[in-house]
Every structure is written in C-alpha cells, then in structure tokens.
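Which chain is which? They are A, B and C, in the order written, and residues in each are numbered from 1.
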Amino acid sequence: MKNSKTKSTIIKVMIYVFLTLVAIIYLAPLLWVFMVSFKTNAEIFTSPFALPESFYLDNFIFAWTAGKLGIATLNSFIVCGVTLVLSMLIGSMAAFAIGRLRWKLAGPCMTFFMIGMMIPVHCVMIPLFTRFAKIGLSNSLIGLVLPYLTFSLPVTIFIMTGFFKSMPNELIESACIDGASIYGIFFKIALPLSKTGLFVTGLMTFVANWNELLLAMVLISDDTKKTLPVSLSKFVGPYNTNYSQMFAAIIIAIIPTIIVYCIFSNQIVDGLTAGAVKG
Amino acid sequence: MDKLLRDKKAIIIFITPALLLFTVVLFIPICQSVYYSFCEYKGLTAPKFIGLTNYRNMLKDKSLVYALKNSLFFLIFSCLTQLVIGLLLAGLLTNIEKGRNLFKNIIYLPCVLSSTALGLLWMFIFSPKLGVNQLLAKFGMEGPKWLMDTSGFIILPMWVIAFVALWQYVGQSMMLYMAQISGISKSLYEASYIDGCSKVKSFIHITLPLIRPMVATAMSLNAIGSLKFFDLIFNMTEGGPNHRTEVLATHLYTQGFKFNKYGYASAIGVILIVLCLAVTAFINKVVKTENYEM
Amino acid sequence: MKRKLLAAILSVAMAATLLTGCGGAASTSGDSTASADSEASADGVQEISWMFWDDLNATEDLITKGYGEVIDRFNKDYEGKYHVTPITTNLEEYYPKLNALVAANETPDVFIVSPGPNLTDYVDPGVAAPLDSYLADGWKDTFTSDAVFSQMTYDGQIYAVPLNTAAACAFYNTEMFEAAGAKVPTNWDEMLDACEKLQAAGYTPITISAGTAWCLSMVAGYLCEMEGVDLAALADGSASWEDGKLEAAATKLVELSKYFQPTAAGDTNDVATANFYNGEAAILIQGSWAIGQINGENPDFESKCGVFQFPGVERVIAKSDSLAMSSSTKCPEACIALMKYFTDDTAQKYTAEIGGKIPVTKVEYDASVAPQQLAYVMDVFGNAKGTFGFYNESMPTTETGAHFDDTMVSVFLGDMTPAEAATDMEDFYASNCR
C-alpha cells in the first residue's frame, strides 16, 4: 500500500513537471515580446534576450498614435460590439422560432443555418467584395458588420436553440394562461432564462470577430476605419520595418485581451467550452 | 398554447432577419462564386463565361499543388496532434487538483488572442537575426532556416507553422475533452478500480469510448479550422518562399486580391467549400457513433 | 401586453435604423478621405484624394516625409480653394486596395504608380487620364529631358508624371575594401575577386535579402542584363527563356551567393540593409532610396560609404515613382496643381538634398548639402548607357514579375537548378503571357 502511494506521488510530481514545462512554452514567447517591446531597435539586435536597459516607452506612444492603433482599437470595438448585440438578438429570435415555435420547415431551416458553420468565409469573399463595392458598403464599418454578423449566426442559433428546447414547457404554459403574447414569452421568459447561453454566444462572437483579419483586410482600405488586426499586419513594411514599434504594437493588441482574460478567465474558458460542447 | 406557438406571423417575424441575412450575405454569394469560377473575371471588367478553363488551369498551377498538399497536411496534422495532445493534457489535468485552473487557463490563453499578433510574434521568434537561432547561437549551435528551408516532402516552415497552430489552438480541444471527461460518472471509474483496473486501463476502456462523440465534434472543428487557416501563414511567411507554404486560403487571397484573378480565385473557393463539406461528412460518418449513456 | 411588445419591436427597429444611420453618417464623413467624391463642398473647396503606398506619419523614409511636406504645403497654399486628403496603405497592400477603389468607382483622384505593367493596368481600361494637354503649358520643359516620360507613354500620350528616379547600385564600405585590399570591380571576374578578398579578410562580402524576394531579384535582373536577356522578345515569343541566357545568369547568382551573409535566406530587406550600415558586411546592392535609410540610421556611415555600378553591365536599373490622374476626377485642375507641387523646385530640391534620390527636373540643388552618396549615384547614372526597369516590373503582368522573383529565390535556396528555373519561366510565359 505504502509502495503504491509513493508511486502515485512520483507520478503526480512528474505530471506537474510536465505541465510546468508546457506552461513555460506558452508564457515564454509572450514574456519575451513584452520585454523586447521596451527596447530600442539597436538593443533588440545586439541583445535580444537581455532585460531592457531602460523602459523606453516611445515605441508604445508611436504605435498608438502614428501607427493608428488607437483608432483601430476603437473601430474593432464598434464593429464587434454592434455585431455582438445584433447577433444575439437576431440569432436568438431565429433560435426561438426553430426550437420552440411549431412549423413544418423548422428542421430544414436549421440545416440551412448549420451549413453556414461549414462554409469558410474565403469562399464568399470575392462576390461580397465586388457587390459591396458597387453599393458603397466596401470601406465602411457597416460593410464589415454584415458578414461578421452572418458568420456569427450559425453558432448563436445552434447554441440558443439548445437552450430554448431544454426550457421546461410548464413555464410557457403558465405564461400562456396569464395571457402573454408570443413576443412577451420570448422577451420576458425565454431570453432571461437563457442568460448563460447569451453570455456564451456573445463571448464566442466577440472573440472571433475581434481577431478576424482576412475580411477586414479585403473590405477596408481607409486607415481611419481599419480594425486592430489589419492595422497590426500593416506594421511590417516591405521597405522598412521598425522592429521595436512592431513589438509594442503586438503588445498593445494583446494586452487588453490578456487583462480581461485574467480577470474572467474561468468564466471565459468555461463559457467558450460550453458553447463548443453544444456546437 | 398550441395556437400561440403556431402563429404564422410570429414565426415569420422571428425567422426573417436571420434568413434574409443568410440568403443575402451567404447563399447568393456562394452561388455567384460558383458562377464566377466559370468566368474570366479581372475585377476591372465584367465577368466573361469561359467554361471549365479555370479548373483546367488549376492542373497546371504548381502553387495550387503546394497549397493543396499543405492544406491536407495541415488538416491531418492538426486533427491528429490536437486529438492526441489535447486528450493527453485533458487526461493529466483531470488527474490533478491543485493548479488545475491555472494550467488550464494558461494553455487556453492563445485561443482568445489575435492570431495576427501571435503570427507576427512567432515570425520574429523564428527569424534568423532574433529569437530561437540567437538563443541557439549562445550555446554554439547553428539553427536551421526555420521559415525558409525548402527540403523534404513537407518542408520545415510548414512544420513550424503547424507547431504554432497547435500551440495556439490545442487549448480548445483540451477544454472540450476535459468537459466531456468531467461529465463521466465517478461510479464508473470506482467500479473499474474495484475490478482491478489501473488508471491507464480505465482511461482506455471507459474514458475513450465515452468521449467518442466529442472527438467527432472537436475533430470537425479542427478540420474546418485548419482548412480555413489563413492568419498565421499570412503573417509568418505570406506563402513564401516561392509559394512553398501556400495553403488554399492564402493562395485564394493572392490570386484574387493581389493579381486580381477573381474568376480563378473563385474556383479555388469552390474547391475549398467542397473539401470542407466532404471532410465534415467524413469525420461525422467515421468517428461519430451513437451516444453512450453516461 | 401586445402593445408593449409592438413598442419593443418598434424600438428595436428604430435602434436598427439609427445604427445604420450612424454607419451611413460615419461612412460619408469618412468618404471625404477615401473616395472620389471630389465635388466642390458647400464652402467652395474642391476636395481631392491622393493615394500613396506608405504611411506619411509613421514612416522613417525621407522621401515619404518629403511627400508629406508637399501635401501640407499644397493644402496650406490653396486653403479655401483646393484640399487634398491622402489615402495611405503599405506597399504590399497598395495595388489590391487601389484596384478595390477603382472597382468601387472611388478611384482616388491622384495616385502613385510604378511605370510598367502596373501603370498599364490602369491605362488600358481607361482609369488613368492622358496628361499631355496639361503638360503642354511649359510644365514639361521643366523636366530634365523628354526621356523621363518614356516609360509612361502609351501610343504617344503621357499617362503619368515621374517624381524622382532611383537607380539600383552597389553600395560598399570603403574601409572594408581598403583593409581587404579589394578594389572596386568593373567586371564580373573582378567582382568575384573582390568578394574573395573580402571574405579572406574575414568580412561578409555581400548583404542581401532573399526574405524580401524583390531584393534578390534585383541582382538577378542585373545578371540577366549581363547575359543579354531580352524581355520584350521573350514576351512576344520571339525568344525563349530556355536559350541559355537565364540559365547562365542564374548560375552566376548561385556563384555570387557564396558571398552572401549566412542569414540571407531569412533576412528581410531591413535587416539586410542594417547589416550594411552597422558594418557587418561590405557590399549592399540596393536602390538609391536606401541612402536616406542608411544615413538616417547611422549618420557616421556616410563618409565611408562608396557607390559603384553593378559590374559587367552598361545600363542601370532605374525606377521612378510616378503620379497618375484618375480619368473620372471631377477636379482635374486641382489634381494638376497638386502634381505640379510634387515637381516644383522646392519638392525636387528636397528630393535631392534630403531624400537622396535623383530629381527629374532641371532644378539646381546644393550638392554639398545632399548626401555624399547621391553624387556617386549621379555619376553612375550619368555614365550608364541607358536605363532599364526592375525585372519584376518590366514583365507582362504583375503576377509574372512576382513569379520571376520567386523563381530566383528558389534558385538561391537551391530548390531549383538554373536549368529548371529557365524551363519554369518558359512554361509560365507560354501559359500566361503570350
């Protein structure tokens, strides 16, 4: 008995050692870029791994203002925020119709939406781009919201349908008896009861769109309307790249996410996973 | 109540916005895309129908061969490694108490970060003047040309990029498996221990079969994700050197938006859709079986 | 209850319209920066846009900074009459973005473009306007010669105005050459000899970037010129890539690559240039636009930086930034006024004295203020028996140019033999260009 106990302790220790190594692989690159972002260009090349000699903040100021990361962050917020609200509203409305209301085409409708999950955005990029250019939606944030919204809907609908379906019938019945309309049931009963679902889908939508590069790159050309990933990829120029500013820009782009993540990590991780489990 | 739930007007009001968006932003463009793929379309002039020429040109396009090869490599690599390493990490994490959340959160972190930022970061780490090679040089070793080596069937840069993708996204698979494992009833394990099973054995005989549906889910997510893969490659190598690290998505972007060959790029897009649908169907058929009671 | 719900839906609908309204407003306000909506605004100011491939504020490039000054000067001098708003991208994204704006009927009023297939792309569908009538008023006479327009002339009409010329030269570290006992090469054998001596003295002879494909391709272009490759004949099919000339050039490239810095394959253009001004390598083959970067990053380097023409060739590679005007602009006068600002004496003086590029007009500049290297480049330029364009910009399509760059990188990496490269180029031309 004692023998097996020491054996299991050894195994435990080995597990911890292994996991610590994994954690180092995860954190080291991030710490390195953080450290380097305070250096001057010359320092980066002469001693990439030493601690910075002084905290040189100009890189950050430059990246934020001249590099237009400030405005890009704002744009990202606007686009993601609007998409988030709309996708939750429109998505849960459709999910309610599919999961709760009784009509023949609910099943096929669901399949139609689910196909959207499998279609990569690249395949519709060219028609979207040419169409949007014709009707003046290219180079505008609205033009970005529309595809973001559409590609966020399948997941939202899928998860929310699950929530609405698992909702106890009695609640709706009693609301009916109280004389509530179908809209009342949706807004006053169904939605409040699926807060977790809304949180999860909202989170997934936000994270996905916050990091989206390709569509934004294709649809937006105006500097003042670029989102964060696009402005960031612009920092590498074919004629010259200012390395220290580049690193500062990377930090600016990921720090807000890391802070939010640190505060809410458990909810976020569980929420996103819950979403994926249902998806 | 039944009448209330069959209210036609309500159904229409609830479903229309989503249906409309889907039709206009997704369905119609897909159809258009298929049409463009049969056209010569350069952007500045109207599309001209040319039949199968774009598809025939694909056969001669060396970069497309690379792209296809790399995309498939990526697909297989990420499905396998995410499964194995994701399961391994999930298995280890469910077996420890202290620090489980910490490790879990650290490993999951890159999933929520911008892949553009991470791509650039890793590009610098693997660039010859900074990062890994400088570190190796301190120990007197000469590192390989991580992102420029072109020897071998699957070239080194692809392995590097695949590693970075694994690094970034394995947290997702790990979490999915963990959620499923923690859902398995403790009594099943207790019963197996009484029968004299070791932990490893019970993992093989209880855990693995019970998480099979989740494997299908995680795998389809990985598969579609890896076919869509764009950001990391675009920021790390831009498909270079000489298109050797091109994948379908980057090739589509270059052909369509750099060289303005909309028609040809649409044809690549059609191939991509077909692949996505086929792979999802395949995974669901082969891996997914009936759900076990837990 | 029902009424409440209706109210709720109405408010949602309103919110939605509000949102779109906002978006619309935002996009119109933004349009002034991005579109060709160059109608005179209410206060009578004619709004035009100018598109450029570098960020005017975030740049370190002296030429770009000079363009920024031109824009400021123009907006100040014409305040109340004309106003120009720059649209900037990075170079990689420039043409895709420009094409996007053209497709959206939002062609910028004035845009920068490289002569060659890029300009052809806009001349052929009529996007760029012919400028002869505007040049006729004496503007054309301010330029050094009519030859500066040769690459921008289609069927006898001029479609773009050059702003400056840069020549691709070999920059070298005079101290290293002296220490190694190497002398400035005038032909291929002397070049190899000089590299050999530099290497024997413990220096890295050449710094180059294969990570940025066009840098390597520039050297390949010179080597092709040395072998007598005729691009025009190749394009119309009267010559073949497989006639041995490209193979010979590529073989020379491989030969020369022995003297490159060990990290050449992965280094970007910046790193390669930095290697030179930080004294880690003796020769840098680059466009003369690099002068600004070199002197800007390491001011002490100017005195020991020499320039020689790429050995073994008689012509030099030259490239002009040029401006084209949209044929759909509503304010051609404003556009022309802007273009004239780019070629006036102030701007051209800046080009030479600070930017370190070769001016295109007959402006008199103070050679003692200008970077030393410029005088050397001017010498090289003056002694050359003509110019030719960058190889990747002298081929039938931009894709072909990119393919050439990539092929040369493959040769350098040992991925393709010179003979395979020739076959590959021939195949590509056969199926795409003829």
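As a working rule, contacts are C-beta pairs under 8 Å (C-beta built on N, C-alpha and C of every residue); 3 or more make two chains touch, one makes a residue touch a chain.
Owing to the predicted nature of the structure, the values given are computational and were not obtained by experimental measurement.
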| item | value |
| --- | --- |
| Label of the chain whose CA centroid is most distant from the centroid of chain B | C |
| A-B against A-C, pair bridged by the larger set of C-beta contacts | A-B |
| Mean-CA-position distance for chain C and chain A (Å) | 37 |
| Rounded Å distance between chain A and chain B, as computed from the means of their C-alpha atoms | 16 |
| Chain C, residues touching no fewer than two other chains | 9, 96, 103, 268 |
| Multi-chain contact sites of chain A, meaning residues that touch two or more partners | 45, 130, 181, 183, 218, 236, 243 |
| Shared-contact residues (touching 2 or more other chains) in chain B | 13, 43, 129, 257 |
| Contacting residues of chain C [partner chain B, same complex] | 9, 95-96, 99, 102-103, 121, 125, 127, 210-211, 213, 262-263, 265-268, 271, 397-399, 402, 406-407, 409-410, 413-415, 431 |
| Of chain A, residues touching chain B in the complex | 12, 15-16, 18-19, 22-23, 25-27, 29-30, 32-33, 44-45, 48-49, 90-91, 93-94, 96-98, 100-103, 109, 112-113, 116-128, 130-131, 146-147, 149-151, 153, 157, 172-173, 176, 181-183, 185-186, 207, 210-211, 213-214, 218, 228-229, 232-233, 235-236, 243, 246-247, 250, 253-254, 257-258, 261, 265-266, 268-269, 272-274, 276-277, 279 |
| Footprint of chain C on chain B - complex, ascending | 13, 43-45, 57, 60, 127-129, 133, 145-148, 150, 240-244, 257-261 |
| List of chain C residues in touch with chain A within their complex | 1-2, 4-5, 8-9, 12, 16, 19-20, 23-24, 26-27, 30, 33-35, 54-55, 57-58, 60-61, 87-93, 96-97, 100-101, 103-106, 212, 214, 268-270, 273-274, 278, 289, 293 |
| Chain A partner contacts - residues on chain B that touch it in the complex | 1-2, 4-8, 10-11, 13-15, 17-19, 21-22, 25-26, 28-30, 32-33, 36, 43, 89, 92-93, 95-96, 99, 101, 103-118, 120-122, 124-125, 129-131, 134-135, 138, 167, 172, 175-176, 178-180, 214, 217-218, 221, 224, 227-228, 230-231, 234-235, 248-249, 252-253, 256-257, 262, 265-266, 269-270, 272-273, 276-277, 280 |
